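Presented below are the structures under discussion, each in the form of structure tokens.
Each of the next two complexes has subunit A plus one more chain, namely subunit B in the first and subunit C in the second.
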Partner chain A sequence: MTITAEVFDQCLQNEPRAQEALYQAYASRMYGLCLRYTGSRMEAEDILQEGFIKVFQHLTSVHSKEHLDGWICKIMINTALTHYTNQLKFKNDESINFDTFDTTISEDALSKLSYKELLRILQGIPAGYRTIFNLYVIDGFNHKEIGEILGIAESTSKSQLRKAKITMKKILTRIL
Partner chain B sequence: MGQSTNNNSGPGKNLDELFRDAIGRQEFSPSPKVWKNLNWKLLIRELAHFNFTNVPGLALVSATAGLLIIASMTFWALRPNSSPSTSATTEVPASSVVKPSIQQIISVKPETKPPSMAGKQVAKPLSETKRLTASNNTPVRKPAPAGLIAANTRIENTLTLSSEPKSPGITDQAVTTKRESVATIQAMDPLEFSSFDFTPSVDTISFVRSGEVFKYVRENAAVASFFSANFGIAPEMELYRSGGSTTREFNYWANAEFAYHFSRFSIHTGLGLGYTYDEGIYRMQYRSNDSVSFYKEVVGYYTDPADPSKIIYITRNHSIYDSVTHIADDRTRNRYTYLQVPLLLGYTVFESQKFCLGIEAGPAISFLISDKKALPYIDIPNGRLIQLQDNTPSKQFTNWQLWVKLSIEYQFTRNWGIVVKPYYKYFLTSPSQSGENGSPSAQAFGVDVGIQYLFGRKSHQK
Partner chain C sequence: MQEQDPIEEHYRKAFSGFEPPPPEQAWDKIRAKLHPAKADKGRMSGLKNSLLTYSRSGRIYPLLAVAAMVLLFILIWYSYSNKHNIRGHAYAGETRMCMGTAYLFKVYDKAKPYDTVLLVQSAPVDDKGFYQFHGIAHGNYMIRINPQPGTEVTRNFIPSFYDQDSASSEANVIHIDSEDPTVDVHLLPK
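So, the complex of A and B:
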């Protein structure tokens, strides 16, 4: 998944064919990222589209082609977070009683799950939990960074992550 | 999602690793319509952000040259012939021609009136009046409706047939045995004159060519002038560009415009009352007591009857609450009223009996005369508000714009008509104050639709 320096230069000049080449090179991976942050394919496609518009708008701020990969990822994550913050804030799912839940799951059972099923589980949890789970577990941000990104307290990030995991395990228990 | 299903996790991996490894870098194919929509949006963005500063110089020069060529060709194609024809007359040998003096020619009476020769032996004058018709090398001019003399330009063609000497007792006019061929152009379109010369320095020019004497008379100035007023409404879409993102607002205007027309040119001004709205952006920071964890309290125990060596504890869950800070956004609707005053210069590109096509351009100024801001809705159960931040960009009191309008008029009576004016506004000063991303650039597109009344008729029949 890479583009040539020539394509990169042409993208800087808003050349449509080069823009399409860049899109085709990164679309699949970025769409996977968007799916993780959203609850539906439609939302993910909206974010993907919006994210790529930002990519093409601000491409001149990328110093070299080598930094493009991480930069596009960052743009997509930021777009997904903007999408999330525009839609809803950290609302607790009242239907889940975290206090009475047993979190023991067999690891052998987990191994039977496909990535599609795991993605559906992730998409099935509330958006606030999903966002923090994605940022912390998959994209590698720490709680302090998440707090700064989302404008929340570090402790909030921790508690939301914990609730996210409990919710996911509950769903997993039902499946397995 | 297109990809085949596979198992990703093995024994020993915890939940975090499971998800990280399974879906962390998983790729999925988006639907093809995403690129189609994206491509379309990129095109619209390019068009929306078009201005003369981001166009290469070569493209600007090419476009200007192309426009000039098209405009010249259009003008040449639409331009009626304004030069008189002289070839419709009878050619007479030069030797038989006596050139009358200029004085004689100017003294010729109106063309339809034969000379009065009562009681005199005179040659019967051959007078005739005819319209100047098509010649071999001149396009046909359409005859104007009778009774309309707009430009009042007349060409008289006087041809001398013989050089007989004057008989005694015969007046100068009567003695002249000449055939007067007087051609009159009536209702000459003033626009044709205005294309070349708005204020000719002389009103009468006479000349002789191939034995024919021509008198070229302009009785009045050819420039038509009148006032007009129109009232219209204009829905408008305004585009703001700030920090790489574009936002839209919809404005609605009620316009009263007054114009003074002189020949092909016009000057327009008036008042417009506009209504617009945007989103009030608020961020609330509040603190509430939320359940963040729990603990189990042992309330009793007993020995497992099946296995006396085991003790079974009876527990009860207790929630732990903590004060948690939340941030929430709220959107409201703010309403604004503007007053605008344009000053535009217009030019009529094409004009016919009913239709008129023109362009107008010039500056305009807008004033913010009122604003109504809605307060955000705050509902915080079990919490308290810490901070309320208003992130709504403030509106400027005045802003300057540059307008370009395409004017399409249709006169359904002599004085009344409808007018449709698609227009483009470029904001020289932004309507919103500078934010984090600097001052937003703005432009707007709209269509002004209204009725028009002409004070004083135009020079030709409407």
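So, the complex of A and C:
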């Protein structure tokens, strides 16, 4: 869902009705994103509100309407990451050799789960694991980009992703 | 080529079009932060300060507001539809009296004239002897005509109630119900 150039221009002029139209166009998608990055609905709602306030306050920095989609997504992700700054601790824990764990799971088993259950599993893992899983798997960033975003080494991003999947598999095994 | 992890693949597919409905009040909260003055104004404008028509969140209940307007309209209509006019002429003998004042008294109990008769309206009597009272509610009334002091009429006639009575205790009561009556008052000669 997108907005017209007229609505975009009116948003730049701080017009409330246009702002509501923009919000309606992106709210569902952004709320889905917020739910993925957070541990609960309440936190997701807080991030959604905070993110949209930032969107409207800094909309003039978007060069054109065509860049709006990606820009809003980045704002939301950054808002979620800022929200979890204190909780995001990425340690390269050498005491456990995660390579010995098998992260594979059958597709049949996964297909039995609804997206609500999948979301619950994602929300149930630590914030650091969840963030990297979201950034890499769903939002399509590579490990180098994730390293730059989070200020960590590329290898740390890779190991955190692996740990995230192992943790998720453990939960899945318990459920299935 | 690296084999795709089923967890990754499944999550990517499941959440690619993940668009759950956003929380209901989210936009109101965002708008209130973006436009605090307008949000307050919106809550207080229109039928402002009417506690019956506003919810706790500040949103107007349209049906309640419409019902209140309809009720107000009915009250106004009822109040006007039950009002009447009383008109007539004042006579000094056979001719119409020229200039004076007409007084309308509401009669609550004719048996106790001093305690229960109340002046409700006065109207001028014009040079053709015509007078008129407006917006009179249902009930019992008495009318008195006073000729203008200094005129020739005052030499021959005295202020009188309808119908040719000098005292309120003897005056005729006019009952106002559903029609606008015409009441001609004849002054009592000295």
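Going forward, the second predicted complex is superposed on the first by the 158 of 176 C-alpha atoms of A that agree within 3 Å, B and C clash if a C-alpha of one lies under 4 Å from a C-alpha of the other, contacts with A are read in each partner's own complex, and residues count from 1 in each chain.
Operating definition for what follows: a contact is a pair of C-beta atoms (placed from the backbone, for glycine too) under 8 Å apart; a residue touches a chain by one contact, two chains touch by 3 or more.
In this text the structure is predicted, and so the values were computed from the model without any measurement.
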Could you check whether subunit B and subunit C clash or fit when both are placed on subunit A? clash
What's your read, subunit B or subunit C touching more residues of subunit A? B
Looking at the overlay, does A:165 come into contact with subunit B only (first), subunit C only (second), both, or neither? both
On the A-aligned overlay, A:7 touches which partner chain: subunit B = first, subunit C = second, or both, or neither? neither
In the superposed arrangement, which partner chain does A:16 touch: subunit B (first), subunit C (second), both, or neither? both
Looking at A:85, would you say it contacts subunit B, subunit C, both, or neither? Reply first, second, both or neither. first
Going by the contact rule set out at the top, does A:54 touch subunit B (first), subunit C (second), both, or neither? first
Determine, under the contact definition given at the top, whether A:153 touches first (subunit B), second (subunit C), both, or neither. first
Please write out, lowest number first, the residues of subunit A touched by both subunit B and subunit C across the two complexes. 14, 16, 19-20, 23-24, 27-29, 31-32, 35-36, 41, 45, 48-49, 52-53, 56-57, 105, 107, 110-111, 115, 118-119, 122, 133, 137-138, 165, 168-169
Which of the residues in subunit C come into contact with subunit A in the complex? 5-12, 14-16, 18-23, 26-27, 29-31, 33-35, 38
Partner subunit C, residues of subunit A touching it in the complex: 14, 16, 19-20, 23-24, 27-32, 35-36, 41, 45, 48-49, 52-53, 56-57, 103-107, 110-111, 115, 118-119, 122, 133, 137-138, 165, 168-169, 172
Across the complex, what residues on subunit B touch subunit A? 1, 5-16, 18-20, 22-31, 33-35, 37-39, 41-42, 45-46, 244-245, 290-294, 317-319, 322, 324-329
Could you please specify the touching residues of subunit A with respect to subunit B in the complex? 14, 16, 19-20, 23-24, 27-29, 31-32, 35-36, 41, 44-45, 48-49, 52-54, 56-58, 85-86, 89-90, 92, 98-100, 105, 107-108, 110-116, 118-119, 122, 133, 137-138, 150-153, 155-156, 159, 162, 165, 168-169
